[in-house]
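Note that chain A is present in both complexes that follow, paired respectively with chain B and with chain C.
Moving on to the complex of A and B:
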């Protein structure tokens, strides 16, 4: 099993959700996040005060999938989230040792 | 003792109990009559207990001095399918060994029937005193009912011991009930609105109904030692609605118990769907879960009102009732008395006067006090009599606007709605009465959501974070907050109307509301805009990149003016934060604020470049032409407008623009046109003349010399070189109000100074004086230039602490360095001056050296 974590632009959430739904990925966790990579943000002035926008709002998606779904999922996210500009985000993959469904204690792939 | 007959007897009883219980259940499944089911179950237990006790008595002498009484729900003849059976074994003194055996036998038999028995054995003396460490026992005795055994002993308890105990200990009992209720309500967030409420313990649930009964019983027993009849527990106006509510809740609780086989009272999402599908508690055919929950919330609201009896009875008991007569409560006035946070009417019939009726709710909105049960009853009694003429009252908006802007407007509107007044005034509101949006996101019914939005905005008066303080700053800068609150009140009424878009429904409803309130067309248009756009900002922050200048541009253009932007931002803030307590996360609030700040910067920084073209099409212009009087020379009118910033048309009504046009035409006779008009509570000065050096500084100087506070100002010029300056100012020393002839003298001063016949510097030197405004607020001055906001001028932004003469000092510094003011946008927020100028020098933007000189000159003067 693989955990897929994707940090994307906030405006791309709906498109990514639709793309994932289309390939059969239903379960995911969505988190409000802030961050930056190379883009670093900028400084804005408003009413005489300086506001540094260095941690930009982002959306983080997390899902745990069977290994054979990972490649398609990554492609779906990339296709829906990509604009070609700095700030598009990143995808991280990591191994998951076990998954357990609380309701009925199913384990492994059956719990996904 | 031969056990076989005993076992046989138990078996027979089990058979009897199973058969009868099944019959009760079947009757419920057929009729959904919860009250009938719980009474039938109580009667069934009575039969069984009498049967067992009778046979026990026959076989075990020594039980004569023992009485079996029902307590709790069983005592109320309201025994739910899986509830405990609360029994009191009452003895004269200490129970004998025979009595103890008999009691054990009864309890054991009931357990063998798989009933959950909660027995307690007490003496008469025990029941006669207050148990300080277990007052709940004393409260449970209020529901006692004879079942079997020594009837005379029960009569001693019911007729003498309990009334005596209550008469002595009423205060403690009431206090304990108050504490228990408050703790329970706190546990459930002090709200009836839960996605999965607990039918028994949530506010407005069955426990609150029992509470109301106990309160009334205690009051009656204390007063005259008699037990109240069941149908006289509550005031008439509440009786019918609470009766219907209890019927509903009883049916639902029976359904929950039968469905789950346990005493579980949480109305989960799935169970709501199940109950709705079977039409539990409602007389119609099965309905949608949302409609079913709507009925639930309507009933629960009725029950929740009964808890008002708690405060009322406490107030009366404690002797504070007398304070109604001697006005000691600091909030009380000639019409209303306030006792322990509840409003009482000095004269009950006074609310038959609509003026007094509306003033009552204004009082609630101002002070945040609740209506007493008495006051609510009087309102409900008079409403049917006066309701026909109420919506047509010409002063309705005057009352409503005052209510809306007061700190506790949400509470007042909620009370108006609960008593039916809001729907009388605005029939459109009926559509969203207890309307449920059934998902895991929307916590409140739609009507409650509308009240909560208003409360969320008022709560900004006490911000608890830096982010909230930013929204508070926006709110403080709103010119017409009452229109914003009006929009919040009606923004979702469309959800209760048929149609795909609730926004369309809300706009349709607004037509009727504006007509009844007799709103000015411009005010109605503003409210209309807010309702039409109330989803726009959320959608933009969620679906677009708010750091993309194109996104900001597009959004700002769609809003049009800074004032609309502020109101829309606050409406969005309130709307999202009133979906549920966690909906407006700091992340979302930050996004909302950033979009606001970027859009406001855009609107202020794009003024100079966005000018009205000659002969070009423009929506705002078309609107004015459409409503213009006949005979208007359109070509000449367009000539007047050509070159003004587009913002001019967006921030002035058609009638005001046409007035300015008349001034422009009058320039041919007198090349300085000045008007000073008194508003409430401000004055408006309009100057139109040919542009000339130092004009703006001159005007600011005159007002400074007269010690007027400039609050807002705009300075524009058109292509023909005519300047239009509009200044809003306040008269700190009431010079103009106290001396009406001074207004004409002020106007003449301005005309003379502008015409060069009077030296403004001399005027300033002669007249300036008076104590400076003292302020604790420290504002760090900021002077900033932007050369990329306009194609031909430099933007200058100044933040400074406001003081008399500030604008004169700034504009003089600008003039002395030879800069021309293309556009000026002057604003004040509290004690902070926010000034924006578009400057040019000899037709060009300001170079770095000139910017530096100007910055130093201004900072010197600040």
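Moving on to the complex of A and C:
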């Protein structure tokens, strides 16, 4: 089982969700986050003083998938989230040791 | 038995008796008609005028209270960080309660009792003698109690303005003690000097240095604004200022507050006419025009300097204009009001966006920049633009009106305005330093670093302003 974490632009959430549903990904967690990679922030003014806002709003999606779903999922996210500009985000993949369904205690792939 | 003759006799008797009675009564009302009816008419007219004036003054009183709560509370509340929103609003609200009690006990007496040039008296302690009878020296057509409660609302908002300077770092207990002392030692004397019987600066009642201050440019804005500066300097900067950006947590709240201030200000300025006639209208119009022109001035300056006009700048501009027009409202023409507003908008913008940063002090919510500077500018411009055409405040021995301000032909008035402003500055500086020292030695002014970082809502009041619960 693989955990897929994707940090994307806030404006791309709808497109990515639709793309994931289309390929059959049924479970995901969505978090509101702030952050930056190489993206410079923007300046705001307060009382004549200019300051840089460099922690930008982002959306983070997390999902745990069977290994054979991962490649399709990554492609779907990339296709829906890309604009070609700095700030598009990143995808991280990591190994998951176990998954458990709370309702009926199913384990492993069956729990996903 | 009951023949026609019987009925005719009784009918004739009835007619005769009633005619006689009518005659008797019209003999009495004939003398009533002339003098008594005129007297009754005069009374009715006076009552009607008094009713009109009193209803306007009661509405004005409510409007001015609204300026503090929720006007100022929201305006300031939105400008601070989320962790301090309640504490900031609480400061204004606490004053609504505290100053009211003080005013009832001694404040009104010290401000408006007939004392000497500098302070009133104790003749109205516990509001003795303040009832339905008008106090002719102040407002001849409304109960003195109306006048008292109207002035109370001014006494409330003045110290509330100062809270902007020490926002986010003053102990609540210290604030309470500070405000009790400030209200009695700074506000009451200043109010007496400008508006009280025998006051040194009272233009309407023959003060030695008649300062034209229609609704409180010196009494309210200069005193509070300058005191704010002193507080900001004495308490020192907030932790992290100026390196850490501390933008408002809700300009939306500030926007609502500013609009309530604008509308409420009609009670503040137009109500200072103390009657519902054309002077109130004149002050109303001048107030509105001053605010509007100041928005144009501030926003224009900001657009030029920063490339974008901000909402916060626009509402700040409105407040600056309203501050500046406050001393002038009932003395200047509508066009002059536009000038005063425009000037105030630009000057206060520069003060807040340039001068403050250069000088480095932390007047958190620009109480000095807007009220201190705006009030000073407005008070001086009043000496320029005041005209007897709008308000014949100065009269000679024969009752002919004399020129008011510089453009009217009275250059000397500017000097009087300077004196009034200087006294306000002096009283504010000296009074505030003394009170701050006293409070610091007894209660301690500033919260601890931990409490400042934690936020005043939690540390001073045990509350959170917004509790969007994580669990359902």
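In this section, the second predicted complex is superposed on the first by the 107 of 112 C-alpha atoms of A that agree within 3 Å, B and C clash if a C-alpha of one lies under 4 Å from a C-alpha of the other, contacts with A are read in each partner's own complex, and residues count from 1 in each chain.
Throughout what follows, contacts are C-beta pairs under 8 Å (C-beta built on N, C-alpha and C of every residue); 3 or more make two chains touch, one makes a residue touch a chain.
Just so you know, these numbers come straight off a predicted model, no measurement behind them.
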First (chain B), second (chain C), both or neither touched by A:44: both
Which superposed partner A:103 touches (first chain B, second chain C, both, neither): neither
Contacts of A:95 with chain B and chain C, given as first, second, both or neither: neither
Chain B versus chain C, judged by how many residues of chain A each one touches: B
Partner chain in contact with A:11 - chain B first, chain C second, else both or neither: first
Touched partner set for A:57, first chain B, second chain C, both or neither: first
Overlap of the chain B and chain C footprints on chain A, listed as residue numbers: 44-49, 51, 53
Touch list for chain A against partner chain B, complex: 9-11, 13-14, 32-34, 42, 44-49, 51, 53, 56-57
For the chain B and chain A complex, residues of the former touching the latter: 473, 541-545, 547, 585, 587-588, 590-591, 594, 597-598, 600-601, 780-782, 784, 797-799, 832, 834
Chain C contact footprint on chain A (complex, rising order): 44-51, 53
Touching residues (chain side chain C, partner chain A) in the complex: 242, 245-248, 305-306, 308, 310, 312, 352-354, 356-357, 366
